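Each structure below appears as structure tokens.
Two complexes follow with chain A in common, the first pairing it with chain B and the second with chain C.
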Partner chain A sequence: MHRVLGDRRAIAILLGPALLVYSLIMLVPMVWSLGYSFTKGNSIDGFTGNGFANFSRLLDDPAVRHALWFTLKYAVVVTAGQVVAGYLLALLYVFFLKRASALVRTLVFFPVVLPTVAVGLLFQKFFQVAPQTGPVNSLLNAVGIDSIDFFGSSSSAFWVLIVMDIWRSMGFYAVLLFAGLVDIPEEVLESARLDGATGLRLVRHIVLPLSLPVLMSSLIFSINGTLKAFDSIVALTNGGPGNSTTPLTLYMFQTSFTYGDYGYGSTIAVLLTVVCLLVSLVVFRVSRRDLTEG
Partner chain B sequence: MAIDTPVKATAHQASPGPSAASSRPRRRVPFSKLWVKIVVTLLLVVEIYPLVWMFLTSLKSNSDYLNHSTWSLPTTWEWGNYAEAWTTGHIGLYVRNSLLAVVPALALILLLGAAAGFALQVMVWKGRNLTLLIFLAGMMVPPQMILLPLFTVYFQTGLSGTLWPLILTYTGTGLPLTVFMMATYYKSVPRELFEAATIDGAGILRSFWTISVPMVRNALLTVGLVEFFFIWNDLLIALTFTNSQDLRTVQVGLLNFTGDFGATQYGPLFAAICLNVFGTLLIYLFLNQKVMKGLTSGALKG
Partner chain C sequence: MSLRTSRARRARLSLFTAGAASMALLATACGGSGSGTAAAPKNFSYLSVTENTTVKTALTSLSEGSCKSANDALPLKVETVPQASLDQKLQLLAGQGALPVQFAAGNAPALTQKLAKSGKIADLEAKLKELGVDDQLEPAAVSTIKALYGGKLEVLPYEYNIEGVFYNKKIFEANGLKVPGTWDELVASAAKLQAKGIQPFSASGQQGWPLTRLISGYLYRSLGPDALKDVADGKAKLTDPQYVKAATEIAALGKKGYFGKGVGSIDYDTAMNQFLTGKAAMLYMGSWALANISDAKQDKIGATNVGFMPFPAVAGGKGSIDQYPSNVGLGITLGAKSFDEKTGAWVSCIAKNYGSKALKDHGSISGFKVNTPVTDANKVTTQVRDTISASKQNVLWFEALFGTKATTVSQTNAAGLVSGSMSPQQFMQTVQDALSAQ
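The block that comes next holds the complex of A and B.
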């Protein structure tokens, strides 16, 4: 019988097109980009090889160091915020709202599907100080605080970015973690309660360990996404003020398309890829160990 | 993982503890209801109010926006802002471009993805696990790693002035997740079904199309929704490959929204943001359970 399901011609017909498109659009360009990182130039002026010059430039470039630092800082803070906010929401859904939570879940999830560009522009206007005082600043004015130019300093711009990303995605992580919490057998919770565990102690000793697997997948998913964040930052701050909120993704884009330096742009892309793989690897190993011990 | 599994009913079987436990009603944690209500209300205000504010602002005239409090209702309801955004602001053109890029890409992703998922999960051959892993690798790598070679190729083959670069790139980047999710869905379809179909004289290609595709119809809709949101909301790829205004997608157009206005017109700008948001809102309104399920299951498998 395996002859039918092992029919080579059929496999080729079914798998071939997808594998071909995937190879041409993703695999080949990845290797090609690696090749670009040893060159200088762009697709209009042509390329010339320059050995490891891009890599030594990468090591000395303060902008790269800043972008790398910003990427990591942003990824860690947003990931922590998203997962913690999502977890708190999930606890709220499971333990307080119970059956009534479906509507709240659906409403809080909603911003996830909104176009990031639209959300970015919306937050820009929501936090703005000029030409019109936005809602956040007029709220501050109402309680007697002067308007803050949120996008004028790097630290406040950073926090608006964080707030926006958590606003946008906490409903997503809430639903993800909710699925994990619902799977905890009621009998386990009930017997823990009989043993006197309530409130925070119940969460810490029973709920948290039992939801660790889904918590870890959320963490991996979140860090993997935030390291690659581009749309939200471009739409909200476009890397500014100056280059203070420029992550590697945006720095790569500017280097390549604003300054036409594909060689160096590819080198930054390689760095970004290495960072993504390293972080995934570390998180994966740590989570593995935790799971086997826990 | 089922998202909307109801909280499992308390099983009050033999309760060995003190009798107080069995008389306690289902409300387990002695927090006041009021506290929960306040939190939920605050949460909903925080999540929903920005959208309400955006909608109200989209109906204001420019002077109304600049001179009145940000909390006020529009003094005159300028529905014309939407027409302005659509025509003078070119949102109509951008929506058309987005549709022309997203719909073919989505069709290709689903067709190729379903076929590849079938070949990788149902068919039996050496190396299929390795092939699946190769597809998986595509989900880890940032898209910045593929943009420049693709740009060069599109430029040299003369595709740059068309929407083809978008369609092709979206198809390629959408395939890993789709193949992976489809392969997972095919796990629940028993192989014997296809073996039986073969005995009845159907070729394997035919049973893929007439038996397996209808069986995973639901999965196709779910994966299609997930990929739709990814592609429709994409900025990076669209920004890279749309080199003229005539090719801009909604997201790129919105980012550069000045249209033929000269100075920024706030009413039409907000109207444009609203139009962009309402499209996804409409889909979410009808299919929210599917969307939630699809997006989160994509994450759990990733």
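The block that comes next holds the complex of A and C.
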């Protein structure tokens, strides 16, 4: 085996096809897109060079600032929600439900397999105020509170979006973290219990440190997914009301394909890539330090 | 195997791999731009929007009737996309040189003009003349198209609409209301209805334009027919106080709850349904709504109970109530590349027969001449047709002269304006910013 992997030709043959496919479908469009960010125009008018104008426009564009702020806010809140809810569920599976957790695990995992658009429509109906009063507003009415137009104000639309995305994906993180928790040796837990660590203390001093690697993987998964969120937002609010729930991804899509400004759209894509890179770097740094310490 | 031959083989292999890779790259590169070679179309393909059912149904019945021979030579094939995705689809198709034979030409005239500039759209004026059917278009419709499309006939008038307020006569009579002639009277009537628990207006905030049309209505009445042309020409700004005033008036209607609950979630069909089932007293809409009003399945209040009034006058304003906003619906045009003899036969048949067919089957008024006399389905259709023929000056709508971005910004923020999450000043500023960035 060592001889095979030590041979450069073998490495080239093994990696070549995958690298070629990767280059064609990932790297080429990325470089292409970077090239577009120095142009102006679209597929109808054709493209003309535009120097750094798109980048200076990016700095002055209040819509970009708003979208960037929304993207970060959304990513942080949803990531925290997904991972915390997933972790709590995993603890529930391992320490309370134990062998009986299969049914609950399946039920909680179920939204993960539903198409995002269907979940979006479901939540739209759930929280709607017109033309029919949705179940949430009916419940509010039943306890004497007036109906709320959840999609009419930016803050309530944001929270509905958060609730939906956490509900949709917490089952996935629960299963992921569950796999990490069942790996903790029973003897370690047993000896900790004998030393008097129970409940929260057991979780804080034994379970949490031992499940840190898988927790970090979940965080990286989650933050990268939420920074690039697109489908769930389009399905639920389509960026509205106005542009208050428009993340960078949606703004990039609208700019390129609705407004026909491919150059500026690509510039927004560059910004998004930089943000993703920075966040990934930070998470990697933090996780590496923690892992060596743990 | 000797070392030399194995090296030579390896060299050949890497050359082949490199060649294949560069071919693949070239293929990817060419994929986007398209070759655009002119091939005779196999179908009379027509790309339309899901929301508009009149044109495609009328064309389908023409394909089975008067236009059967054209259809036999080039069969009609309809494809639809949601209206919100139309502009994206067109841009992609145009980029690939794959535009259909006939298509809805974009949500804003700006996109149509862009397509025309790059030679993607047939020169309809010349083509119609060539086919000898240029006299089949109503002059009023032609002048509306030219006002919208920079002086050129870039689309066909499959619809010719005027806009105004449809009202429920029964509700008006039961509450002792007269048809309001001024804005103040309209607001007073709405207040009276609201007090009695009747929703005064139904409007789709999801679409946005039924709300921004009220702003342009107010602007045309208060500042005169050039109000929005001045903005397009840079002579005025939407943030000028007299323009913000119009947004303030419309926002006030929303603040008082005259559009009902959750206006931002109301889609087009729901808004129409609220009016046609008597849940709302008034509906600002174009005359294309006659198709819904004439349809007994949809219209539960009965066409005889529907009245039509112009957008009311604003006291001391420069506009007049006989200036109606007019349009040709969603512009429908034909591709330059695919316009051949068989397409010509279709266009010629449509020009001669569409007007009567759409009016007879759907109660829909088009800009084509009605060559076979049709008895109007109801009084309100007659009233609208009379209004169209008597109308001397037309005005456009709020976003008519805006680019795609400003149009989207205006329509997506309209619900925020009437629900109060955005102030009138903020709304006009946001739209003006999008306009200035064009």
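Annotations
Going forward, the second predicted complex is superposed on the first by the 272 of 294 C-alpha atoms of A that agree within 3 Å, B and C clash if a C-alpha of one lies under 4 Å from a C-alpha of the other, contacts with A are read in each partner's own complex, and residues count from 1 in each chain.
Simple rule for what comes next: a residue touches a chain if its C-beta (ideal position, glycine included) is under 8 Å from a C-beta of that chain, and two chains touch if they have at least 3 such contacts.
Since the model is a prediction, treat every value here as computed from it, not as a measurement.
Once the two complexes are laid over each other on the shared chain, residue contacts for A:L24 go to chain B and to chain C alike. Look at A:D149: by the touch rule set out above, it reaches chain C but stays clear of chain B. Of the two partner chains placed by the overlay, only chain B lies in contact with A:D7; chain C stays clear of it.
In the superposed model, A:T273 lies in contact with chain B only, and not with chain C. Between chain B and chain C, the partner in contact with more residues of chain A is B. Shared-chain residue A:P241: touches chain C; no touch with chain B. When the two structures are aligned on the shared chain, A:F257 is found in touch with chain B and with chain C. Note: residues 24, 28, 43-44, 131, 257 of chain A belong to the chain B contact set and to the chain C contact set alike, using the contact criterion stated above. Residues of chain A touching chain C in their complex: 16, 20, 24, 28, 42-46, 62, 124, 128-131, 147, 149, 151-154, 239-244, 254, 257-261.
Chain contact summary for the complex, chain B toward chain A: residues 1-11, 15-17, 21, 28-29, 31, 36, 39-40, 43-44, 46-48, 50-51, 53-54, 57, 65-66, 69-71, 108, 112-113, 115-116, 118-120, 122-125, 131, 134-135, 138, 140-152, 155-156, 168-169, 171-173, 175-176, 179, 191, 194-195, 198, 203-205, 208, 229, 232-236, 239-240, 250-251, 254-255, 266, 269-270, 273, 276-277, 280-281, 283-284, 288-289, 291-292, 295-296, 299-300, 302.
Within the complex, the chain C residues that touch chain A are 17, 21, 24-25, 28, 32-33, 87-88, 91-92, 94-96, 111, 114-115, 117-118, 120, 260-266, 270, 273-274, 403-405, 408-409, 412-413, 415-416, 419, 421-422, 430, 433. Within the complex formed with chain B, the chain A residues making contact are 1-2, 4-8, 10-11, 13-15, 17-19, 21-22, 24-30, 32-33, 36, 43-44, 89, 92, 94-99, 102, 104-118, 121-123, 125-126, 131-135, 138, 167, 171-172, 175-176, 178-180, 182-183, 185-187, 189-190, 193-194, 198-199, 214, 217-218, 220-221, 224, 227-228, 230-231, 234-235, 248-249, 252-253, 256-257, 262, 265-266, 268-270, 272-273, 276-277, 280.
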